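Both complexes below contain chain A, partnered by chain B and then by chain C.
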Partner chain A sequence: MAKKKELDIRATLLGLLAVGVGVLAWQMIGTLGLVPKALLATPAEVWAALIEILHEGYRGTTLFENIAATLGRCILGFLAAVALGVPLGLWMGISKMTEASLNFMVQFLRPLPPLSYLVLLILWFGIGDFSKIMLLFLTAFPTIATASMAGVRQVNRKRIDAARSLGANSRQIFHHVLLPGALPMIFTGLRIAIAAAFSSVVAAELMAASNGLGWMVFSASRNMRTDIILLGIILLGIFGMVLSRTLVAIDTHMIHWRGYD
Partner chain B sequence: MTIVSFEDLTVQFGSGADAVLALDHVSLSFNRGDFICIVGPSGCGKTTLLQTLAGFLPPTSGQVLFEGTKVDGPGPERGVVFQQPALFPWMTVAANAGFGPKVLGVDEAECDRRVERWLRLVGLWNFRNRYPYELSGGMQQRLAIVRALCNEPKLLLMDEPFGALDALTREKMQEELHSVWKRNGMTILFITHSVEEAVYLGTDVVVMSPRPGKIAQRIACPFAARDGERDIRSIKSNLEFVKMREEVLSLIWGMPHDN
Partner chain C sequence: MRPRTATAISAAVLVAGWLLLTLGGFVSDLFLPPPSQLWDALVDLWQEGYKNRSIWEHIGQSLIRVLVGFGTGAIVGTAMGLLMGYFKTIDSLFAPFIEFLRPLPQLAYLVILIIWLGIDEASKITLLFLAALPVAAVAARDGVRNVSQIRIRVAQSLGAKRSHIFFYIVFPSALAEIFTGARLAIGIVYATLIASEIIAGTNGIGWMIFDAGRFLRSDFVFIGIIIVGIMGIAIDRLILMVETRVVHWAGKQ
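Entry: the complex of A and B
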C-alpha cells in the first residue's frame, strides 16, 4: 500500500512539473521575443489581466458573473437533458414500440452540429439565456437517450431471469435490475454529453451573449486583448475539467461495481 | 406425492428444414422430496427441460405440470440456480439473499430472519455487507443458492450449478447441498455433466440422449437417501457406487454425441 501511495505522489509531482515546464517555456517565448507580444501574451500578463478583472471587472461584468453564466447555462441544459433523456431512453430500451416511434428523431438530432440550429433557436427564443440552454439541451439529449437505451438493453439476461424466478414483477425488475444494470452505460453517456454541452455553450456565447467566459473571449478578441483571451481560454479549460471530474467522481462513487459483470 | 409432471413434452426451435427438436415427446414425473439428477451428452435437451419447468420456455406441444397446474412462467415456488451465479453486483450479499422475500412483500423481520439463517448455514453471514464481486467463485455460487432458498421454494431447479468451481470446492458444495436437501425435505431437479456428482446426490438419475432429446433411462440411486456414513471419499470409492457410475457413463458413451 505504501508503494502505491509513493507512486501516486510521484505521479502528481511529475504532472505538476510538466505543467510548470510548459508555463515556463511559454513565458520564455514571450520574454525572449520569439513571438510578438501582440500575438501571444505571456503568463505574467495573463496573471495581471486576472488581477485587473478581479478588481475592475470586464466591460461591466465581474469574473464571477461570467463564470457563473457559462457554468449555469451548461449545467441547466445538461440537467434538462438528463431529466428527459434518461427516462425516455430507458423507455425506448424497454418498449420496441416507443423505440420505433422516437429513435429516428433522436438519431437524426445526434450528429447535427449544434451551431447549425443555433440561429433558428435565437430566431425563436431571442438572444437571452433560454435559447442557449435550449441549445445545450438539444446537444446533450440524444447522447443521453441513446446511452440509456443501450444501457437497459445490455443488462445481463440471466439477472432478469433470476429476478423473475424470485417473484419480482415488471416494476420491481425495472427498479432493482434494469435501472442499476443500465447505470454504467448511462453514466458513460452523461460524461460524453457534458463535454459536448460545454463546448457548445462556449460556441453559443461566441455568437450571441452579453456575459459568460465564451463571450469574454470573443469580446476580448475584438479588442486584441490576447491576455484576456488567454485568460478566458485557460479558465474554460479549467472549468471544463472541473465539470468532467465532478461527473467522474459521482460515477465512481455511485457505481462501485463497474467492471464486474 | 407427485410434484412435477412432464407430459409428452416437445420443444422445437426454429421451423421447417432448420427446425431443431430439443425435446421429443418427453414424459417424466417425480415426487416431493426427490433429488432428480439429469445427465447426458451435450445437446440432449437437459437445459431445455429445466427451462420449461422454470417457466422461461413454453412447450411446442405437451405440457409441464407443477403440483397439478400448468406451468405458465417463472415463479418463486420454483427457485432457479444457474451455472453463472447471476447475482446483483449493486446489492450487498444480504440484499441479494433477501431479494426474493422482499419483492414478495414478506414482513421485514421475517426477511431478516431467513437471510440470517441461510447465510449462517453456508458460512456467508460474516460477509453480509460485502458485495458479490468481493467473494470467491464458490462463495458466489453459495449466495446464488441461498438467494433461491430464502424464498423457501417447494422445488429447486439447478442447471450445472457447480460447473464453474474447482474440484475441491465442488465436492464441498455437493456435501453442503446434500445436507440442505436432507434437512429440509426439498425437491431438487439437478442438471450436471458429472455422472459421479449425479450418482452421489440423486435419488434418481435420469439419462437423456440427444438429437432429438429423449429420456433414455431412469435409474434409482440409493446413495443419497442412505443415513450413516457420509464421508464423501468412502462413498465415492465404494464398489457399488463405482459400478453404478460406470454403468451410467457407458450408457452415455454409447450415445451419439458431438466431438
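Entry: the complex of A and C
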C-alpha cells in the first residue's frame, strides 16, 4: 500500500509540474510577444479578467448568474431525461412488446447530433429556455433509456429463476433482482448522458442565448476579449470535470458492488 | 401479437398522427410539413442542390471534415495513450491536460480556434482533432493497462525483447479497447462537426439545416436531420465493420 501511495504522490507532483510548466510557457509567449496580444491573453490577464467579472459582471450579468444559467439548464434537462428515460428503459427491458413499440424511435434519436434538431426546436418553441431544456432532455433521454433497457436485459436469468422459485412475486423480483442488477449499467448511461448534455448546453448557448457561460464565451469572441474567452473555457473545463466526478462519486457510493459481481 | 406487429402498429400510428396534424390543418406547414412537401423538397434537393451546391457536395464536405479530424485525432491520441499506458511518467505529465480536455464542451474552444485560425477549414479540423484526441488517448491508455500481466511474463520468460512485447503482446491486446474508443470518438466528432457547421459554417450538411431554419424552410430542415441521422448511423456501422475485421477475436477470449 505504501508503495502505491508513494506512486500516487509522484504522479500528482508530476502532473502539477506539467501544468505549472504549461502555464509558465503560456505566460512567456505573451510576455515575449511571440504572438500578437489580441490573439492570446496571458494567464495574468485571464486572472485579472476573473477578478473584473467577479466585481463588475459581464455585460450586465454576474458570473454567478451565468454559471447558474448553464448548470441549471443542463441539470434540469438531464433530470427530466432521468425521470422519463429510466422508467421507460426499464419497462422496455421487461416487456418485449413495449420495446417493439417504442425502441425504434429511441434508436433513431440516439445517434442524431443534438444541434441538428435544435433548429427545429427553436422553430417550434421559440428561442427561450424551454427549447434549450428540451434539447438537453432529448440529448440525454435516448442514452439513459437505452442503458436502462440493456441493464435489465443483462441481469442473470438464474437469479430471476432463483428468486421466483423461492416464491418472489414479480414486484419483488423487480425491486430486489432486476433493478439492482440493472443499476450499474444505468449509471454508466447517466455518466455518458450528462457529458453529452453539458456539451450540448454550451453549443446551444453559443447559438442562441442571452446568458450562460457559452453565451459569455461567444459574446467575448465578438469583442475579441480573448481573456474572457479563455476564462470561460477554463471555467467550463472545471465544471465539466466537477459534473463527471460527481456522478462517479454517486456511482461508487451507490453501486459499491460494481466489479465484485 | 408478435413484437414485429407492435413495431408496425406503432410506426403506423406515428405516421397517421403526422398526416392528421398536417393535412387536417391543425399545425402550419411552417412547423411540420406534410409528407408530400417533404417529398417535393427531397426531389428539389436532389435535382437543384442547396444554395448553388449539390446535396452531394454538402455531404462530401461534412464527411471529409469528419474523416480528417477524426483520423488525425485518433492516430495522435492513440499514440499518446499507448505511451501513457506504457510509461507511468508520461502518463503523470499528460493526464491533467487530457482530463481537462475530455469533459470540456467542444464548442467552447471553437470560438478561440476561429480567432486563431480563421473561420475556414483549419479551425474546424483542429476542433475535431481536439474532440477525438482525449477520447482516443484514454481508451488506448486503459487498453494498455488492462493487458494481462501473465501474457507479458510468459513472453518475457520466453526471451522476448521490450519491442517484441510491445508489438506482439501489448498493442494487439489493447486494440479492442482502442476500437471501442474510436467508436466513441467518432460519435463525438460527428456531433461536434454538425454543431460547428451550424454555428460557424458556410457549407456542409449542418450548415444547410441552419440556413434552411433561418428561412423557415422546415421541409429542408427535416430532410437535413434525416440525412444527418443516416450519415451518423452509416459512419458508426463502418467503424464497427472495420473493428470486427481487425479485432476479430474480441469477446472470444
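In the analysis below, the second predicted complex is superposed on the first by the 261 of 261 C-alpha atoms of A that agree within 3 Å, B and C clash if a C-alpha of one lies under 4 Å from a C-alpha of the other, contacts with A are read in each partner's own complex, and residues count from 1 in each chain.
Everything that follows uses one rule, which is that a contact is a pair of C-beta atoms (placed from the backbone, for glycine too) under 8 Å apart; a residue touches a chain by one contact, two chains touch by 3 or more.
None of these values were measured; they are calculated from a predicted model.
Legend: residue contacts after superposition of the two complexes on their common chain; A:Phe218 is shown touching chain C, with no touch to chain B. By the document's definition of touching, of the two partners only chain B reaches A:Ala163; chain C does not. Taking chain A as the reference, the larger set of touched residues comes from C, when chain B and chain C are compared. Applying the stated contact rule after C-alpha superposition, one finds that A:His256 touches chain B and leaves chain C untouched. By the touch criterion defined above, A:His176 reaches chain B but does not reach chain C.
In the superposed model, A:Val201 makes contact with chain C only, not with chain B. By the touch criterion defined above, A:Tyr117 lies against chain C but remains apart from chain B after alignment on the C-alpha atoms of chain A.
Once the two complexes are laid over each other on the shared chain, residue contacts for A:Gly237 go to chain C alone; chain B is not touched.
Partner chain C is touched in their complex by these residues of chain A: 7, 10-19, 22, 39-40, 96-97, 99-102, 104-105, 108, 111-120, 122-124, 195-196, 198-203, 206-207, 213-214, 217-218, 220-221, 224, 226, 229-230, 232-233, 236-237, 240-241, 243-244. Against chain B, the residues of chain A that register as touching in their complex are 156, 158-159, 161-169, 172, 176-177, 180-181, 183, 255-257, 260-261.
Looking at the complex, you find that chain C touches chain A at residues 1, 3-7, 9-11, 14, 30-31, 88-89, 91-97, 99-112, 114-116, 187-188, 190-195, 198-199, 206, 209-210, 212-213, 216, 218, 221-222, 224-225, 228-229, 232-233, 236. Taken in their complex, chain B has these residues touching chain A: 54-56, 73-76, 78-80, 82, 84, 86-91, 99-100, 103-104, 131-133, 144, 147-148, 151.
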